[in-house]
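Each of the two complexes below includes chain A, the first together with chain B, the second together with chain C.
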Partner chain A sequence: MNILCVCGLGQGTSLILRIHVEAVLKEMGVKAEVDHMDVSSAGGAAADLILTSRELADSLRADGKVKANIAVVNNYFDRQEIRAALESALKRSTAEEG
Partner chain B sequence: MEFVQWLANNVFGTPAILLGLIVCLGLLIQRKEANQVVAGTFKAVIGFLIIGAGADVIVGSLNVFQPMWKEVFNLKEEALGSFTGFDAFNGEYGGAVTLALTLGFVLNVLLARFTRLKYIYLTGHMMFWTTMIFAGIIIDAAGDVSYWQLVLFLTVVMGIYWTVQPALTQPFMRKITGGDQIALGHTAASSALVGALLGKWLGNRNNDSEKLKLPKGLEFLRDSNVITALTMGLLFLIGAIVIVLKNTPGAEALVAQAGDQNFIVYSIIQSFKFAGGIAIVLFGVRLFIGEIVPAFHGIATKIVPGARPALDCPVVFPYAPNAVILGFLGAFVGALIWLVVIGNTVAYIFVPTMIVLFFHAATAGVFGNATGGVRGALLGGFMTSTIVAWGQFVMVKYLLPSTIPDTAMWAADSDMFVLGPVIRLLASIFY
Partner chain C sequence: MIRFLERPMIVLQSAAGEAEEAIRESGRLLERAGAVRPSYTEAMVEAYLRLGPYFVVAPHIALPHARPEDGVVQAAVSLVQLREPVRFGHAANDPVRLVFGIAAASSPQHIELVRRLSALLADETRQKQLMEVKDVESVHRWIREGSAP
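Take a look at the complex of A and B:
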């Protein structure tokens, strides 16, 4: 499973999100490739799940080309929120496959 | 002794190798698997080498932008004398910069551990650019400083800056975030502080920006590639039209550069090249910073539990999304005014790099709104463009004209401009 953490520039904020997402995934015992990226590149990148802010999620959705599930994280360093977002996104993707 | 010399030349003096070693060590400390260690190390080295390629593309485009606007303003003076340039400078001093970045972070962690300033600076890309620009100032001021002198000086300066800067912005961060868990770790700090103070003085806190209804569709401004191409495209287009209409020998020489291509088309392509160059640089920085920061984060949380992470400026954006847009609008108007004013008064062509302007002005907008509402946000943005425009002029012309002025035009920003003269003064005292 490929997870992308996305912010406007793909430099600092998305990387901090990636660090926390990796930590949460480890807690959950889920194996995944996590990368961070800017919103332009993310629009064309292959991923199963994109985690980003509400504003950027809106513009990725408006783009229409993005096939990945998009989950919103408001607070990039709140591990509980990240965990909740990951859990519901994982549930959704297994439901789709099943 | 020969081995030491070999080490100095090929490891400490070869930035890509030194960086690879630091990243490899970081990955090993984090107990990553062997394949992750190899992949991470390679990505970091490749990323570092990509930066130089992107910088070349940017400078290629600026080599059209600057003469064009000079001709528009009828400026005769040569822009830059001879200078080292990013590639050569990075080849010679990049190793010292990389090492100072690492040791400066270690000093930041130690200061956080043993003083009351419990902040850990985690904005890796800004750590890289700030150290690089300061190295450019030191070498310009002091000539050929020895490798270890440069590393030591930069380590101390960076370590202190990365500890103190988040502390200075924290009173306002508490107000913005409503908590005390995160800090701002970004070179936008001086613009943000000016925004907050002006907001307090001239603004009206009750007129909060978040009460405004801004039109939808401004979201594309958050996409750095788009805003960079859009604004540079606009400036290249205006400049090109003026040049085509002029009949001076200088204008004709510029048009001749485009060969068979129409000069306006040629200019617009240059603006996209500029945006492309920025994208390349960001891609390279992302690859190597993406390997360093997780290691820094892991080490810091072990040594200084409970320290606040000082984070990249977009952490404040969700607290006042309208202020982000207002700050940017204030800076955009300011940048256009300063381009004309600075061009006509001190004969310098200001390069309004939108990444610098957007992120710094947006942060200043959020800080300005926190103390002065809508007016505070707009003023914060306008003051950002003022600091960046005049700061870029002073830095390129007086602080590092012989080393990396080509880099300072698009990579230097608020705090570097504010602290630059201090760094130069210190460098000339010590060396």
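Take a look at the complex of A and C:
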């Protein structure tokens, strides 16, 4: 499973999200590759799941190029919110495979 | 070495009334410390105008930044605590009370800065404390308390 954390520049903001996503995945016992990237590169990147802010999620969806599931995280410091977003996205991808 | 919230890089009770002004103030603090060139501050403002307020990463907390090549001399973090909450246009996390200007010269430095900041802003109680401090001594005490093992 490939997870991509996306922000505007692919520098600081997506990195914060990535650090917390990696910590939460570890807690959950889920193995996944996590990367971070800027929104303009994310359109062409291979990923199963994209995590980002609402605004950037909307622009990725409007772009139409992205095939990955997109999940929105509002508070990048809130591990419970990140965990909930990951759990529901994982459930969705398992349902699609089944 | 990382210049992390040193005394001249902190402004409390800023009168900035707009997002652009608050971002610029956080950049000026980095400039004054010699951590970035003026081009970096302008790049932070430009990123906000072009890409939106996605760097408002949690309720009331903004981390404006640009790319290392936009003019970083040395890794640093500045703080602008706003007297009045300011709207940045973020659907979930407005209005902003704390603006951390972030400058990193490389990716590993960015990781280091972000880890330190995330640890300090660990929970809402800690965040609220910083929104309400009145003097720089209290900011530094807040940092020490948050860094304790």
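Just so it is clear, the second predicted complex is superposed on the first by the 98 of 98 C-alpha atoms of A that agree within 3 Å, B and C clash if a C-alpha of one lies under 4 Å from a C-alpha of the other, contacts with A are read in each partner's own complex, and residues count from 1 in each chain.
Just so we're on the same page, a contact is a pair of C-beta atoms (placed from the backbone, for glycine too) under 8 Å apart; a residue touches a chain by one contact, two chains touch by 3 or more.
All values derive from a computational prediction rather than experimental measurement.
J.: With chain A superposed, do chain B and chain C clash or fit?
T.: These partners clash in the superposed model.
J.: More chain A residues touched by chain B or by chain C?
T.: Per-residue touch count on chain A favours B.
J.: Just one of 112-120, 238-246 or 256-264 in chain B hits chain C in the overlay; which is it?
T.: In the superposed model, chain B runs into chain C at 112-120.
J.: Check chain A for residues that touch chain B in one structure and chain C in the other, and list them.
T.: 7-9, 11-13, 15-16, 19, 39, 53-56, 74-77
J.: For chain C, which residues are in contact with chain A within the complex?
T.: Residues 47, 50-55, 57-59, 61, 63, 65-68, 90-93, 102, 104, 110-111, 113-115, 117-118, 121-122, 127 of chain C touch chain A in their complex.
J.: Which part of chain B faces chain A closely enough to touch in the complex?
T.: 122-126, 181-182, 186, 219-220, 222-226, 279, 282-283, 285-286, 289-290, 293-294, 297, 309, 311-315, 317-318, 321, 355, 359
J.: For a test of understanding, state which residues of chain A touch chain C in their complex under the given definition.
T.: For this pair, the touching residues of chain A are 7-9, 11-13, 15-17, 19-20, 39, 52-56, 74-78.
J.: List the residues on chain A that touch chain B in their complex, please.
T.: Touching chain B from chain A are residues 7-13, 15-16, 18-19, 22, 35-41, 53-56, 58-59, 62, 74-77.
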